Amino acid sequence: MTIGMVRVSAVWAAIGLLGASLWGQNNTPAGHPGPQSDAALIDELVLANHILSRIGVLDAYGHVSVRSQRNPNHFFLARHLPAGVITKADVIEYDFDCKPVSGDGSQGYTERFIHGEIYRARPDVQAVVHSHPADVIPFSVTGVPLRPLIHMAGFLPEVIPIFEIRKAGGMTDMLIRDSSLGKALAQTLGDKPTALLRGHGNVVVAPSLHVVAGRAYYMMVNAKIQQQAILLSGGKVTYLDPEEARKAAGQDGFERAWTLWKQEAGAK
Amino acid sequence: MTIGMVRVSAVWAAIGLLGASLWGQNNTPAGHPGPQSDAALIDELVLANHILSRIGVLDAYGHVSVRSQRNPNHFFLARHLPAGVITKADVIEYDFDCKPVSGDGSQGYTERFIHGEIYRARPDVQAVVHSHPADVIPFSVTGVPLRPLIHMAGFLPEVIPIFEIRKAGGMTDMLIRDSSLGKALAQTLGDKPTALLRGHGNVVVAPSLHVVAGRAYYMMVNAKIQQQAILLSGGKVTYLDPEEARKAAGQDGFERAWTLWKQEAGAK
Amino acid sequence: MTIGMVRVSAVWAAIGLLGASLWGQNNTPAGHPGPQSDAALIDELVLANHILSRIGVLDAYGHVSVRSQRNPNHFFLARHLPAGVITKADVIEYDFDCKPVSGDGSQGYTERFIHGEIYRARPDVQAVVHSHPADVIPFSVTGVPLRPLIHMAGFLPEVIPIFEIRKAGGMTDMLIRDSSLGKALAQTLGDKPTALLRGHGNVVVAPSLHVVAGRAYYMMVNAKIQQQAILLSGGKVTYLDPEEARKAAGQDGFERAWTLWKQEAGAK
Amino acid sequence: MTIGMVRVSAVWAAIGLLGASLWGQNNTPAGHPGPQSDAALIDELVLANHILSRIGVLDAYGHVSVRSQRNPNHFFLARHLPAGVITKADVIEYDFDCKPVSGDGSQGYTERFIHGEIYRARPDVQAVVHSHPADVIPFSVTGVPLRPLIHMAGFLPEVIPIFEIRKAGGMTDMLIRDSSLGKALAQTLGDKPTALLRGHGNVVVAPSLHVVAGRAYYMMVNAKIQQQAILLSGGKVTYLDPEEARKAAGQDGFERAWTLWKQEAGAK
């Protein structure tokens, strides 16, 4: 049975590579292979929660998830607690409909449908972050495009799609509360590594937890620097050439950043 | 007697609900029920002081209060110490005229009349914050309206009233030093959850300490993001639609944020 | 002899009050009486160094001094070490010519002449800060006047004098390296509580260490908020009315802020 | 043999002084003599890594190096780890071709060629920093020149060269991956103390680790203040006069800042 699962997982990895090639403008980072069991994956997810909280990507309300290695139709996500405080016991296994297939029935995040629908639509995606970074949100409400400007943010697409929830759901409380809104968001995301949610935040996806953390962080850094550059110059800014961005997209899979963040988070 | 008090309190809660319905553009958040005794309420007030100090809402001079459960004509507020350092022993019980009905006669905050007059005028209000956030104050002196922009700040009214102390008190030292200025401020606040004080700060009110903390915090976040959006775009900003704001106003009663802040403050 | 000193000190205090009344647009804060011996004063100076370092007023290069109680022609200032690391043993007693009258001959701050010449020219001044705050310096190089905007900064004069070292010393290394430059700076300061040094920083003076710390801190806060207000509105900002500023100048002598800062600095 | 090395080193120091005089617009700071053995130099390099990480100059990806005392054709640089976590055991000795002449063959920084080629081209340089400061990068992509504005940044040249990697290498991943790109960067740097890398960061060079740390730090501070001054005034900013900058360039060799940073980093 374990063998069967491995087989499925291998097939899935192939699909993942295919998916990655569809990104067009974004290389898959070399990265490191990542945990090889779900138990190790859950440990890393807990660490990712603590790291993303520490480096200012996740406030009390954002979340990060990872796809199961054993069953690629499932993913792991904490119950409705702030990222900074979760432990292994708080992690729930979900199917794509965001029904828990493990756990004690604890309440989940209201917006878990972001994760379920992205994993369903994007077999290449292994990890998803949903966050509300103050430096990024202005680009979701102004028509000023967030674009790859610094060498660490070559993974940003030339055009970042913006999810306008009014189109998908009319007048709402702004939250992705069900599969229908989750599907609409996944559709807006398309084959891209990130999308903005108007007046709300972003989603960032990647082939691993290390890469999704690096992308979510350097998207914030790029946003902050781009904004300052626009104010300083009235908008006359030299961005990365699309070819430069493509070549710079992978970097080191953000491995060196992860090394630092892991040590700062007090992990062994 | 305890029964009588409970009865009074229940009647008051009904009035509170009525008051809440008068807000018109702001839902009452679901929240959690809150402490059921004044002793527990005072513990939570001390914690709120520490939390609001830690998250940058209260500097050395701001303050937070809560209405008594036992006697809705009374409220609890620390003596004239910085929020970050107060203990249970520093909490004083006041009547609406801001005369202490407990305590050792220690000096109170000069501006305690903000609290007394708001509790008098607003039976729906259970908690009040007065703070001086750097990101918020620019909106009090520029004529540029602070408006609900992010999904966590739907509670902000479409028009935030601004208290111009010159109208109420002529040339002053800017402080709400007596009941007369307190009343004028309460009148400016009207049925809204917040008002700005020109060149000074804001007041934020809510049906509980958890909600008042969340509102005071996310008002700062909204102000910071709105300011960046205005600079980035020259002012072409997509705000929350009034209906979106109304629907998003309640959120989770900021319970998840409180959970994080409580843990970070080292509370059990 | 001790009696004689006390007498001198009392006379001096009277002169100080006279000097304060000359400020015209700035009230003397009520404050607290302050240390009554030079030993206690030196303890408080060490604490002021640590506090001002902690709250971001003093970087590695700024300094704070206090006038001697025993001999009003002398003042105390640390030797050439960063404010954050000094101890009682590092404090030197200087005369107005900035010659040490105590200590082991350790090197002093290059710019100690700022202090000596201000104490000589301003008998009302008991404490002096020289700092380099990033939020304040833009107002020294742009012609945009820093003005009292928030209620905690009423002590700021309507026009803050700017010291242009080129007028006093031609082309220099920008430092106040001798009594001649110190005198020119003191002359620019005049009877005001603060002056800016172009491309360099500021000096802040006050009748006590508590007040000089509060003024130096809230000058930074006012500068930050004023800058944001100007950017947000294109410059249409409602400042404090001069009469409001005059009335708000004293506040509580910044005693509540000092209480907080002292506790945060770990002092008893 | 030790004698011979000392002799070489002395000759080299003379060349260094010559190189320094070629800078034209930048004085050599007095500074302190620095470590006199490579063992002591490596200890100081480890400390510089920790300090530069703590004060926000180096993120997970920046690096700092120092030229060997024993062999001026060699330099020391950590292996590919974040600056904040390196230890003595991580330091590798390189030749100008960036081939390790010590160590266990651990992977080096991809961009070590920045260091090798600058040491080859600039005998006066003893220490090199490559960093990615958010406040500095906007000046690399806007055509707005970063100029000496504050007294601590007189070392900045009147015109800071900007390295456009497209001219040297066409479409790249933005990294200085080989000696050829390193040489092109060194050529852009010329005889200056710093150069910007478009959309990437900067290099800062100096006659010692203390001075390179101070320059890298105060370049950030100057950038931040200059940007605020430009926004505040629409660009009407009084910069340091070139003669003032020349005179202020040396300061105290940043010794007082180093004293503070060393203590904050917990070093003895």
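For reference, chains read A, B, C and D in written order, and residue numbers begin at 1 within each chain.
We take it that a residue touches a chain if its C-beta (ideal position, glycine included) is under 8 Å from a C-beta of that chain, and two chains touch if they have at least 3 such contacts.
The shown structure was predicted, so the numbers you read here are calculated from the model rather than taken from an experiment.
Enquirer: Going by average Cα coordinates, which chain is farthest removed from subunit C?
Expert: A
Enquirer: Look at both sides of the subunit C and subunit D contact and report whether the same residue positions are involved, with over half shared, or different ones.
Expert: Under half of the interface numbering overlaps between copies: different.
Enquirer: When the C-alpha atoms of subunit C and subunit D are each averaged to a single point, how far apart are the two points in Å?
Expert: The separation of the two C-alpha centroids amounts to 35 Å.
Enquirer: Taking the mean of the CA coordinates per chain, how far is subunit B from subunit D in Å?
Expert: 49
Enquirer: Residue numbers in subunit D touching 2 or more other chains?
Expert: 231
Enquirer: Looking only at which chains touch which, which shape fits best: line, ring, star, complete or other?
Expert: ring
Enquirer: Would you pull the subunit D residues touching subunit C in the complex into a rising list?
Expert: Per the touch definition, subunit D meets subunit C at residues 149-152, 154, 221, 224-225, 228-229, 231-233, 236-241, 243-244, 247-248, 250-252, 256-257, 259-261, 263-264.
Enquirer: Using the touch rule from the top, collect the residues of subunit D that touch subunit A in their complex.
Expert: For this pair, the touching residues of subunit D are 59-61, 80-82, 84-85, 110, 132, 134-135, 137-139, 141-144, 166, 171-175, 198-200, 227, 230-231.
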